[in-house]
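Presented below are the structures under discussion, each in the form of structure tokens.
Look at the two complexes coming up: chain A is in both, with chain B in one and chain C in the other.
On to the complex of A and B.
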């Protein structure tokens, strides 16, 4: 799966969590979305792990602050 | 003598003790907790500190039971000790790590001088409802915090010994926040945040330098803080040193 496909899937997950109409780009972070609080942050992590069948390690989670970061780490874990 | 790492941890835990005291307690749970051995001086409604050996069989069974019964809160904090074993254990219990803080510290120095404050800038300790609301808006908007603060909780916190809050205003509008928490052995800085529209202009740095200089006149204790990965570089530039990580976990599908 290439990064564009990974982004599309993550974008879809974000829409489910943060609501229809939420604008998602690679640079989107928690400060851009009002509903991106700590509860939704863990929901997002869990949903991405389930979707891609992966488990982020704790240092990866700490480093992921934007949607682009999530895409990069998922891509890396799939290679 | 207490090590700097112990002082960092001590200040963080006492700060959360302080906030927990200020939150409304569930009387039934409080009574339950009070009956337990080794009880802390508060009901840990907000956050629970994970013991480094939590994954060992006896502790694990007890922890699991208390999670299932709702006795423990849905927010956990773990130190770096045994984290490679603690992390998978907490995930099995339905907790996901969502952030980490780097413990940082700066020793007292006589060289801390008050920074020059530009004309459009004013630094105040909010006392009016208006200033408190501006302070709360920034904290609640800009930080991925475990709990949304309100005026009532903030007033309760300010009534506790050792807590002060600061608001940096630009042209009369609050843009940066900080909370100072003093214990007997250290001064902690918390809830350092800047409105998104005012970020990358040096406001948080200016506010922290101002508070460091003010604090140095009143206390020779070290100043500690817990930085997110994004904030660590700024604090290193201000002269803080990095120490150990603290990891934050939150339970899925359970709201505070």
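On to the complex of A and C.
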């Protein structure tokens, strides 16, 4: 799966969590989305883990602040 | 934005440095820092605080209180003592700060009084177990509508003076009834002694009566707690001049003291009493089950002599006596406490599953 496909899947997950019409780009972070609070942050992590069949470690989660970061880590874990 | 961790050994320097001086709100109070730096269960390299900030604005913080499981220095752990983010600018920091703290204590973390919201967040991480909900009792010795109603319905806060008047009237009308009902609890049939320090006999008594405890505090730990509180009793005039801090740390009334209970010359119990703004708690209690009835009578008498508004107890032995024996309350309600234990500590918790009311950081607040 290439990064573009990974982004599309994460974008779809974000829409489910943060609501229809939420604009998602690679640089989108919590500060851009009103509904991105601590609860939705862990929900997003859990949903991505489930979707891609992977598990993030703590240091990876700490380092992922933008959607682009999530895409990069998922891509890295799939290779 | 920067994230910084402060170790136990670095707390004093942190308080004297420019960062603490300039940050608003403050990430730690002087009292908490002093207390943490004297923690007998902490190593100099243990992390006590992780903060996120931008310029001079504090955006978030997570506090850790280093501890030992079952009092064993070979089984270190930490309780999460606070978790706060700035509601406007810090919400993205909540999870990363917490996870950084979790990683720094090697995923050996527990919490003894989670909010349902925190529990919900933790449950999605898959790193924590959630043992059974602890059931306790809150008994009311007086009407206290001006605190109870606004806490449940914040919009009623504007009627606080009216509610205070209501409490005053109801409590006044009930004086004859309460005197009749509560006077019998002033006679306890055993001897009590108030202590500020614990002698060798008390240290041993604690050790004998704490065999199954998860944290298992020693007499030294308890003395450190009483001598290094996180809460300060302050009169109204001084409040305005004090620093902003995200958690309550200044109250009208706060005291903690030990009560030794003896019967026929034999020590039958030791309790640590905590009184905060009229609310009495028993963070630590040591007694044999056979003496629970005498111990709860002593606690009732403390409630009455301290003019306490409520008594809150989670100790199963004491809760059982409250439920079965006569008690001095106008009414009482069941309360619950949510506990989270990281999976790294699950085996230890299964082995030693007894928690005292004050374990974690509860005894300090």
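Note that in this section the second predicted complex is superposed on the first by the 79 of 79 C-alpha atoms of A that agree within 3 Å, B and C clash if a C-alpha of one lies under 4 Å from a C-alpha of the other, contacts with A are read in each partner's own complex, and residues count from 1 in each chain.
By definition in this document, contacts are C-beta pairs under 8 Å (C-beta built on N, C-alpha and C of every residue); 3 or more make two chains touch, one makes a residue touch a chain.
Computed from a prediction, not measured in an experiment: that's the story for all the values here.
Shared-chain residue A:41: touches chain B and chain C both.
Applying the stated contact rule after C-alpha superposition, one finds that A:17 touches neither chain B nor chain C. Judged by the touch definition given at the top, the superposed model places A:31 against both chain B and chain C. Look at A:65: by the touch rule set out above, it reaches both chain B and chain C. Applying the stated contact rule after C-alpha superposition, one finds that A:75 touches neither chain B nor chain C.
Contacts of A:54 after superposition on the shared chain: neither chain B nor chain C is touched.
Residues common to the contacts of chain A with chain B and with chain C across the two structures: 30-31, 36-39, 41-43, 45-46, 58, 61-62, 65.
By the touch criterion stated above, chain B contacts chain A in their complex at residues 75, 83, 87, 91, 96-100, 141-142, 144-146, 196, 229-230, 247-248, 250-253, 255-256. The touching residues of chain A, counted against chain B in their complex, run 30-31, 34, 36-39, 41-43, 45-46, 55, 57-58, 61-63, 65. Partner chain C is touched in their complex by these residues of chain A: 29-31, 36-39, 41-43, 45-46, 58-59, 61-62, 65.
Within the complex, the chain C residues that touch chain A are 85, 89, 91-92, 94-96, 98-100, 102-103, 107, 117, 120-121, 124-126.
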